[in-house]
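A, B, C, D, E, F, G, H, I and J are the chain letters, set down in written order, and residue numbers restart from 1 in every chain.
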Amino acid sequence: MTDPDLTLLGHSENRLPASPEEAKLETFPNCRPGRKFWITLDCPEFSSLCPVTGQPDTAHIVIRYVPDESCVETKSLKFYLASFRNLPAFNEEVVNRILDDLVAAMNPQELHIEGKFGSRGGIQLTCSASHPNQ
Amino acid sequence: MTDPDLTLLGHSENRLPASPEEAKLETFPNCRPGRKFWITLDCPEFSSLCPVTGQPDTAHIVIRYVPDESCVETKSLKFYLASFRNLPAFNEEVVNRILDDLVAAMNPQELHIEGKFGSRGGIQLTCSASHPNQ
Amino acid sequence: MTDPDLTLLGHSENRLPASPEEAKLETFPNCRPGRKFWITLDCPEFSSLCPVTGQPDTAHIVIRYVPDESCVETKSLKFYLASFRNLPAFNEEVVNRILDDLVAAMNPQELHIEGKFGSRGGIQLTCSASHPNQ
Amino acid sequence: MTDPDLTLLGHSENRLPASPEEAKLETFPNCRPGRKFWITLDCPEFSSLCPVTGQPDTAHIVIRYVPDESCVETKSLKFYLASFRNLPAFNEEVVNRILDDLVAAMNPQELHIEGKFGSRGGIQLTCSASHPNQ
Amino acid sequence: MTDPDLTLLGHSENRLPASPEEAKLETFPNCRPGRKFWITLDCPEFSSLCPVTGQPDTAHIVIRYVPDESCVETKSLKFYLASFRNLPAFNEEVVNRILDDLVAAMNPQELHIEGKFGSRGGIQLTCSASHPNQ
Amino acid sequence: MTDPDLTLLGHSENRLPASPEEAKLETFPNCRPGRKFWITLDCPEFSSLCPVTGQPDTAHIVIRYVPDESCVETKSLKFYLASFRNLPAFNEEVVNRILDDLVAAMNPQELHIEGKFGSRGGIQLTCSASHPNQ
Amino acid sequence: MTDPDLTLLGHSENRLPASPEEAKLETFPNCRPGRKFWITLDCPEFSSLCPVTGQPDTAHIVIRYVPDESCVETKSLKFYLASFRNLPAFNEEVVNRILDDLVAAMNPQELHIEGKFGSRGGIQLTCSASHPNQ
Amino acid sequence: MTDPDLTLLGHSENRLPASPEEAKLETFPNCRPGRKFWITLDCPEFSSLCPVTGQPDTAHIVIRYVPDESCVETKSLKFYLASFRNLPAFNEEVVNRILDDLVAAMNPQELHIEGKFGSRGGIQLTCSASHPNQ
Amino acid sequence: MTDPDLTLLGHSENRLPASPEEAKLETFPNCRPGRKFWITLDCPEFSSLCPVTGQPDTAHIVIRYVPDESCVETKSLKFYLASFRNLPAFNEEVVNRILDDLVAAMNPQELHIEGKFGSRGGIQLTCSASHPNQ
Amino acid sequence: MTDPDLTLLGHSENRLPASPEEAKLETFPNCRPGRKFWITLDCPEFSSLCPVTGQPDTAHIVIRYVPDESCVETKSLKFYLASFRNLPAFNEEVVNRILDDLVAAMNPQELHIEGKFGSRGGIQLTCSASHPNQ
């Protein structure tokens, strides 16, 4: 039942991609392409860098989608998210870019991204974006 | 008030079925066939095998339905869910198959399945599917 | 402001009715008959018997309604719910019967019953039904 | 910025009004009369008397409204709610009367009252009513 | 690995014992008799009758013990607890009797019983007792 | 099994005592006088008056004790606590007086009283006292 | 990727502005101007002064908006919110003014402000307002 | 029962003291001077200024003590805590100073102060100090 | 910094061991052998078989220890725990065996095992055992 | 009141140190050197790299200490913790090294470090260590 496209599963050379451009979001065929169903991926360990101060920003990212022809493979997603680790990026850019990259990778029927960032200066920022645009 | 179709209730030869195909989802007649009402079955102890690594996957399955002519008998459901124990299956396949098998067994007016799987690699996956297709 | 129909309030001969048939759901006039408002009765101490094994089943019953001409008196409701104590009844039958009996007693504009039963064999069942039928 | 109509704020002769009739719900002008916005007043310390047994009943009252020309002043509201302290009143009467009195005092665009009363005999009653009637 | 003393496990004639005297607390040999370890049995579905009003009382019973030569078998414990269902007994008597009966049945090194009863008249009672007496 | 000293249980003339002096804390014999066990009475609906402003104060009172020869009867305790309703008393006096009155009524081996009062001016006060003095 | 308009980020002369008029809400260009997405700013440390008593009022402010051309910069928002610190203002005025000032600063497609103020006299007030007016 | 020393209770000229030196912690006689009992004062609305940046710091202060001859009056405590509002002070200094000032004001048998400060830079600081020194 | 003894880390042939005897608990050298420090391993996905009914039992296992010369490697622990999957074993036997096997594998200074098993028949069992014997 | 030793506070050149060796833990004098009091620093955003797979590990670090002559400055602590971001280190090594480095930097009377790491393979590891050695 394994998919020949899944090159990461079961491998160990797990070098961290240097940026989201270098990372590759792999997909596998949707097991019920005619049914509208939801997949939620809860990712509490996200981290990027503040583009102003260079300090780490952390976030809890939640991805929720209705697949069309394909689903994102979770190990490649883990590598993709880890590739933001040394990227300077504003919180809003992070969330919108994950949306854009996942749309490009799997063209889902619906996709929602929420990023809940760590509190800074007594203010905690959450950003959420959706596809298709509402 | 007991139903002659219920062959498992009150028996003890409880051998674990080897697969969902071998398991039998028994039903009993809906006590209020003309009323649209909801039954929720909360099953926190589900387990299957990862088809890539062979390791156990665990999930919290929630089944919610509006019965039509019949309801699923909960002891047969327990045996049915236990039959996934040694089955290699992707998370999405597990949820969609439970949906298909319960539709085949009791033809409900509405049915929703949610499976909340254990976290792997810092990502926790939840899959939910419904009948009829929305 | 006390209502002459309320024969239980303030009395002490509190014999447990032997069955729901023997119990009497008393009502009192709705204090605002022209207004659509909600009353919720949260009853966490319900108990009946499993019709197959004869063992106690417990449930948390929630009753929510919009009264029409009358409201159910809560002391008579307590006696009515206690009358299921030695009744063998399937979970779905319990919830639907409470719905039917409360409709017969007070003819509410809307009524919702939810019964959350104790876990059995690793599965926890909740049943909910409404009047009028949706 | 203080309002000349507010006779209670800043005073100390705080005698408890003997009944809701004696209490006075004061108001002050809405600071944004053309905007539809919400004010929620969470009052967990309400108490009245059971009209049958004479014993104290306690409740958590929540008031939620869209002001029109005026807002209720919270110190006068505190005195008004305290005036139920020695009033025998059924739970449903309490909630509906608070609704009627606040409508009379400030004629809001929308008003919702919820009263969550202490558990009696294993049953906990909540009553909620709204203006305008739905 | 099954124990010949366990006459209830795997049987179906599950008639509810009429009283704690009639119920039988079965035991099985402690698997590590020389080690001081703890077993906790969390029983949220207990019910007895109020000896004054005849109405049902419900409780959440927690049993915690260090076994000596034997452990209580949980199916017989379920039947034993269910045997209080139609017994009029004060809350304190219930908890102390469960303590005495479990000491008689298995002579544990330590035993703690806690019973958390349903709220009555705005007061919720919890009783806890231990063996050996402190 | 009922106790002849319990004059309140099963009665209906439930006039609220005007003060703690007028209220009567009734007791019944401890069912296990030789065993050191605990009874906890959780009373979330307490109310008295502020001696400075005359406004209601509310509190959540928790009583925890090891009985000696007698236990406090919970219905008389409910009447006793209700007798503070119109009494002007500082929070600390309330808690210490309940301690003194319960010691006088039942002479327990140990007794702990905690009163958690409603927030005033952004400060929430809790007072706890014990017998015997530590 | 830093914006030349952001004069506060990376600076240290952080003198508290004396009033909201003196504070400056800075903005930066929306990174996805054509997409409808949400930004939530959770600010639990707000404080102003009661205009009647002169005492501090505290609030938990939540700001939720869909940006149009620009987003509010969070460090300038922190200074803006801190500028209410010595301002006497009623709770409703605080919430409506934050709404007006943020509309003026960034002209968002949608904006919701909620302020949850500290409890006073046993009553806790929450105010919420939205743009555009509903 | 009011105490002539309490000059703040029932007054309205509530000008905020400019500093802790200017504020006055008033006391009233302990109602049970021979008994060791505890008073806890939960103060979630504390605020001071950061001595480095000049920005507001917020804290949740909890005061717990065993009174000796006197207790701190809560209205004077509220004014005392509000007097830190415009004081630049490190978190550790705040907590230790409250300890010193309360020891000077009422000479308690035991006193514990905990201050839980708002998160800064992803780190949340809590400081706690006690009298007498351990 | 990797340890040559760790044969599982970074490998993919992850066949499930058929029993605890077949599984191998690997260890690595304690990085601070002279310091008494604690390691807690929280394992919520444990499963074994009931020796009487053959049905799956699930448990949440918590392992807490002070290492001496060596620490248990978590990937080998995962395989070890998974090896109970098809083993019929009483709950008490499971917990005590894990204790014995971990003592044999790493000879820790202190070790505590807690297993919280799924509810059966309305009773939820937790077992905890420690080394050295107390 | 600012301390001349604090070179980071109020500065902006915030380059992330490349390793803990390069980072500098700054201190400031304890404001109450003769008193035994506690400071807790709750740091939920820690991240390092797994030395085997090279993937990010996240942790919630809690530091609790009794200062002697000096306290750790929180901004330098933030930089120090951020310096583990690209360091391959086992979980146990992380916790013990933070302990050692903080002992070296400020020589506290007592120090406790707890690190709660993200779940991997269904197992969540927590490590805690203390100074002086117990």
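The definition used in the following text is that a contact is a pair of C-beta atoms (placed from the backbone, for glycine too) under 8 Å apart; a residue touches a chain by one contact, two chains touch by 3 or more.
Predicted model only: the values in this text are computed from it and were never measured.
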| item | value |
| --- | --- |
| Contacts common to subunit C and subunit F (chain labels) | D, E |
| Maximum centroid distance from subunit B, chain identifier (CA atoms) | H |
| Repeated interface matching I-J, over half of the contact pairs identical, chosen among H-J, D-F or G-H | H-J |
| Comparison of E-I and D-F by number of C-beta pairs in contact, larger one | E-I |
| Distance between the centres, which are taken as Cα means, of subunit H and subunit F, whole angstrom | 30 |
| Between subunit J and subunit B, distance of the C-alpha-averaged centres to the nearest whole Å | 47 |
| Averaged-CA centre spacing for the pair subunit I and subunit G, given as whole angstrom | 51 |
| Multi-chain contact sites of subunit F, meaning residues that touch two or more partners | 10, 12, 44-45, 53, 55-56, 58, 78, 118-122 |
| Footprint of subunit G on subunit H - complex, ascending | 12, 14-16, 44-45, 47, 49, 53-56, 58, 78, 82, 85-86, 118 |
| Footprint of subunit I on subunit C - complex, ascending | 55, 58, 118-122 |
| Touch list for subunit F against partner subunit H, complex | 51-53, 88-90, 92-93, 95-96, 119-130, 133-134 |
| Subunit E - residues contacting subunit I, complex | 1-2, 6, 9-10, 30-32, 34-45, 71, 74-75, 77-78 |
